[in-house]
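The following pair of complexes shares a single chain, chain A, combined with chain B in the former and chain C in the latter.
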Partner chain A sequence: MALRYLASISHYIPEMLLCLTMAGLILIESTYGREVKGRAKGMVYAGAYLGLLATFVSLFKTMGTEPLQIFTGSIVIDSFGTLAKMVMVVGTAAAIYLGRQSLDIYEEVKSEFVILAIGVLIGGMLIVSANNMLIFYIGIETLSILSYVMASLKKNDERSSEAGLKYSLYGGITAGIMLFGMSHIFGVLGTIQFNEVIPAMAALTKTQSLIIMPAFVLFFAGIGYKIACVPFHMWSPDVYEGSPLPVTNFFSIVPKIAGVVALVRITNTFFGGDTSIVRETWVCLLMIASALTMTVGNVSAIGQRSVKRMLAYSSISHAGVMLLGVLVIDDLGARAILFYAVTYLFMTLVAFFITSFVQDHYGNDHFERFNGLISKHPLMSILMITVMFSLAGLPPLSGFVAKFNILAAIIAKKYYVLAVIAVLNSVVSLYYYLKIVRIMVFKDAESDETIPGFGFSNQLVITIMTLPVLLLGIFWEKLVVIAGGAKIFIQ
Partner chain B sequence: MISLTSYLIISFCLFIAGMTVMIARKNIIAMLLGIELILNAAAINFVAYTRFVNQNLDGHVMSLFIIVIAAAEAAVGLAIVIRFFQIKETIHIDDATELQS
Partner chain C sequence: MSGHSNLLSWILWMPIIGVLGTLLIPRSKETMIRVWSLLNTVVTMGLCAVLYMKFDITQPGMQSFFTIKMPWIKQFNIFYHLAVDGISLPMILLTSLLFFICILSSWTIKKQIKGYFALLLFLQSSVFGVFLAMDFFLFYVYWEVMLIPMFFLIGIWGGENREYAAVKFFLYTFFGSILMLVGMVALYFMTGQGVDSFNILALSGGQFTDKTVELFGFVLPFAKVFFVALFIGFAIKVPVFPFHTWLPHAHVQAPTAISVILAGVLLKMGTYGFLRIAFPIFPSASVYFADAIAWLGLINVIYGAFCAMAQNDVKKLVAYSSVSHMGFVMLGLAAMTVQGMNGAVLQMFNHGTSTAMMFLLIGILYERSHHRWIIRPDGTKGFGGLYTQLPKYSIVFIIAMFASMGLPGLSGFISEALIFLGIYERFTTITVIAVVGLLLGAAYLLWMFKRMFFGEVIEECKSYTDMNAREIFYMTPLCIAVIVFGVWPSPLLNMMKASVGKLVSLLASFS
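== the complex of A and B ==
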């Protein structure tokens, strides 16, 4: 038994590395945090990047190996989860970089931001590879509890602490609802192991199906809250607006991707084979949720004045598009979601980076602050325009390929109405994405002063992050093959 | 003899009570208490199902974890409420109006 545990640990190195990194950073911060400011900061960032790099490398090495279950079947290691984890690690590293550059986080809590971000990443990696309701719950809570702290990182700011408050209240209640649903699923199916669910589900009687259907609806509340899909999205714009911008950037990447990927795994594991009434309910639920999420996100984004809030609503609508890939329940959908996650990561990062530097200079991020940006910072404006076109899903860019993959997956399953809704939403989203483009190109600048945030190194980082957006639009086959090879492990 | 049904009814009542508190009460501390009620309803369910339906330890372990995590969540929630109180000098949810568009 003990030997089996040791063997399991050898497959769990990425997460262990992250835990060690987090512990080490806490130690550094508590030892040197009050001393010479500059040196301690440097050590914290160096340690964080080192840990993330080591994690990335060890994840990369596990790609393509035989999928297996470890820790008595409570965690599953497969290339689907590993690819998603790699995306999240990259997102965290970029968010930490932005956290260092941004003026929106107080100087004395910058290293706490790093520590919390790595903690959230650990939670995200847990739910991505969860094969057990307990692990899933622990992962969700690790993700959430640390996120509450992150949202209220600006301690003396009214808006930030209010964001944290709203986040924790909504988070607590949805976690409770999810657990209540889980408890009934456990009671009816008699197991908390995900891979034992399919045989148990096939043996259900009619009455048991009737009990378990509302339980699954309650269960969905917990995940739906994490990815901010529509009945549970009310917290999202407020929290995104109130949190410091690097935190918003982080929230729109790591918890969202983790939630969607976990939802894919759960849907495929629970309903992969069977065609019972429970599966129909779940698919119907996902259909309604995704259609509503796309529409509400896009329509609400139109009237916003703050770019950050607009990006928050846009990330809600992107979650809706990703839900489309979930409800087809096949490998095509899973592949499309992985591709979407990669492109979404880079598009969101660039948009938030540029917004962050503009906001640091002017003190707020209203649309007018982007007036005439193209005459002051041509390169940055062109990159922002590229990203906006890509987010809207225009052809030569990667956003188009990502959306195309999702649409191909749902059309293959004959969900024509949903495909039409998705396309119409894409048109609506074009309006508000192009609004930024119009303002940047055709309006006159308020003043000639340049934005100090766009120094050489920051411009370089932003340019490097835009490259995948451009390249994946043209050379997408490679990533599609990689994502297609990353199969979900179902027993 | 207490049957499974009694436990389920009790936990359901707790769940409804918790939801009612969350919706009806305006005091943030009371809302945190409502969250605890919902979590405890789930924990009771897990223990009851384990006792009466399947005899393995999964449910017990699950309910222990629920208790531990609920404590962590309450700690963080209270810390945030204290910050909110120090800034706004109120713990009324209707005063959290900074972030409405």
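== the complex of A and C ==
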């Protein structure tokens, strides 16, 4: 037994590395933090990047290996999860970079941001590979509790504290609801293992199926809250607005991708081969949730004055689009989601990075702050325009290809109405994405002063992050192959 | 003809070389940017001329000599597939000519020249892409990409209300094309994701006639449902009546060259879409909806003409006249006869030349007057007695106007006559009413001419100078085209005859 545990650990190196990194960073921060602030911070960042790089490399090495279950079946290591984890690691690294540059995070809590972000990443990686309801719950809680703290990092700011409080209250309630649903599922099926759900459900009578249905709805509430899908999205605009910008950037990437990917795994494991009434309910639930999420997210984004808030709503609608890939319950959908996650990562990062530097300079991120940006910072503006068009799904950018993949997945299942809802939503979204393009290009600048945030290194980082958005729009074959090869491991 | 040629790729990518060149030239060297862009379009025109020489007019369908097919995304069976036939060739020639003229007419642009010419050439490449692509996915990509340069060209270099017009144009056309995307993906899965699932040519032929689709629990015929989806996409571009509201705004706000491109080439992409995609892929549904298309076309003709008559802004007047003239194209398409279809394709070309002339002439006048009011909002005359002031200008204007009106001897007459010949038997009532549209066309154009060119010379007009050498130079090819194809349309008709005949016989087998 002990030996098998040790053997399991050898497959769990990426997560262990991250845990060690986090622990090490806490040590560095608490030892040197008070005396030599500058040097300590440098060490924290160096440690964090080193840890993330090591994690990425070890994840990369596990990509091709055989899928397997570890820790007595409570965790699954498969290429699907690994790819998602790699995306999350890159997202975290970028968020940490922004955290260092941004003025929105106070100087004294910069290292806390790093440590918390890595903690959230560990939680996210846990739910992505969970094969057991308890592990899943632990992952969700790890991710959530640290997120509450991150939301209120701006201690003296009322809105930030409000964000943290709102987030934790809402999160606490939904966690309770989810736990209740899980206990219900356990009560009926007698198992908490994901892979044992299918055989257990096949044995159910019709009445028992009807009993278990509400339990799945409750279970869904927990995940739905994490990816901010309507109607569990109420917290997100306020939390996104109240939190410091790098935190918002982080929230719209790591927890969201983790939630969606976990949902794909759960849906495919539970209902992969199954055609019972429970599956129908689950799909129906996802359909309603995704249609509502896309529509509400987009329509609310139109009226926003703050770019950050607009991006927050747009990320809600993108979660809705990703849900479309979940509800088809097949490999095509899973592939589309992974592709979407990769492109969404880069698009969101670029948009938030640019917004962050503008906000740091002017003190707020209202649309007017972007007036005439193209005359002052042409390169940055062109990159912003590129990601805006990509987010709206215009070819030949990667956002279009991602949307095309999702559409292909749902049209293959003949969900034409949903497809039309999705594409109409992208027309709506184009309107508000165009708003920022319009302001940058057609309006005159308020003043001649340039934005100091756009130094050489920052511009370089932003440019590098935009390259995938451009290249994956044309040369996307490779990524489709990789994402298609990343199969979900179902026993 | 044996052998193989990469000519189509050269035509498609030549403007992109132009874009890169303009971006490399320093901002301050304005003349160099202009000359470089001009040379680039000249080279493209030369390539198109070679294409015309080598084109085998006896061959219906795609010419294998020019076809280029390379895999792009193997997973989805998407190909980089270019080809040309008698329907697309006139459009390609028109595109290369109009962009050359537009570069010349944009010589006077002052604002951000570098960006302007780069976007214009980029636009040219994407327009070529639409007319050359035979892979549905590739077609869609170019169809959408084209919106981006248009958005900026209208939005940056346009008139007062340019932002509104640019956004409206973008959203409207995006809405249309996104429905096309759903149709495209549905076709892909309907054919079983095979090698030819995005191949427009292989999809053609009516293989979807018996397929069904389930919507809200109703079982509906697949072809009809998706024909409507594609129809809306293309109809917005044409623009067909209920979807036309973006056009006047875009035209009025766009700079001259962009109006020319918009009316001359981009509107044709809509009708080209019917000819290339909607009709061949869903012939049964096309036949089924022919009546509806004809009625919509008729509404376009009459409604567009009445709207044009009511305008005081001369550019808006011409914009609405485009709506009316594109209605004739729709009528010709709905006829589904040899004469009707030939007339429609010919009208696409002829309208391209005559409307381009009108917009160019209005642009020339605008550079002198800085307004376009026939009657100003305060009730006074905007122009008067131009005929005595600008004799050369007036002669060219008369040619353009009569061509647009459809006067015998000029190009518009031939195509409209063919269209009427084609539809008379099937839609007699519609033909009779549409002829009234022709009369209305003459009415609003002549009335406009009377108010602007005759009568007392108003004070302001006395200072206007006549057309200069550059302006005469770029109007000449269009004048020649309008007159030559008015008396001798056979080069164009021969070019398209075989391909159009193929489409008509396909449609005939379903009616």
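In the analysis below, the second predicted complex is superposed on the first by the 491 of 491 C-alpha atoms of A that agree within 3 Å, B and C clash if a C-alpha of one lies under 4 Å from a C-alpha of the other, contacts with A are read in each partner's own complex, and residues count from 1 in each chain.
Assume contacts are C-beta pairs under 8 Å (C-beta built on N, C-alpha and C of every residue); 3 or more make two chains touch, one makes a residue touch a chain.
As the structure is a computational prediction, the values presented were derived from the model and not from experiment.
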Query = After superposition on the shared chain, which partner residues are touched by A:Leu165: those of chain B (first), chain C (second), both, or neither?
reply = first
Inquiry  = For A:Ala215 in the superposed arrangement: first (chain B), second (chain C), both or neither?
reply    = neither
Message = Is A:Val481 touching anything from chain B or chain C once the two structures are fitted on A? First, second, both or neither.
response = second
Query = Does chain B (first) or chain C (second) touch A:Leu394, or do both, or does neither?
reply = second
Request  = Identify the partner contact of A:Ala419: answer first if only chain B is touched, second if only chain C is, both if each is, neither if none is.
outcome  = second
Message = If we overlay the two complexes on their shared chain A, which of chain B and chain C does A:Thr191 touch? Say first, second, both or neither.
response = first
Request  = Please name the chain, chain B or chain C, that touches the greater number of residues in chain A.
outcome  = B
Request  = Mind working out whether A:Gln304 is in touch with chain B, chain C, both or neither, as first, second, both or neither?
outcome  = first
Query = For chain A, which residues belong to both interfaces, chain B and chain C?
reply = none
Query = Which chain B residues qualify as touching chain A in the complex?
reply = 11, 15, 18-19, 22, 28, 31-32, 34-35, 38-39, 41-43, 45-46, 48-49, 53-54, 58-59, 61-62, 65-66, 69, 72-73, 76-77, 80-81, 83-84, 87-88, 93, 96, 98-101
Ask   = Mind pulling up the chain A residues that touch chain B in the complex?
value = 133-134, 137-138, 141, 144-145, 148-149, 152, 155-156, 158-159, 161-166, 168-169, 171-173, 175-177, 179-180, 182-184, 186-187, 190-192, 237-238, 241-242, 304, 309
Task = Please name which positions on chain C make contact with chain A in the complex.
result = 72-76, 140-141, 144-145, 147-148, 151-152, 155-156, 162-163, 166-167, 170-171, 174-175, 178-179, 181-182, 185-186, 188-189, 213-216
Note = Residue set of chain A touching chain C in the complex reads 389, 394-396, 400, 404, 407-408, 411-412, 414, 416-417, 419-420, 423-424, 426-427, 430-431, 434, 438, 441-442, 476-477, 480-481, 484
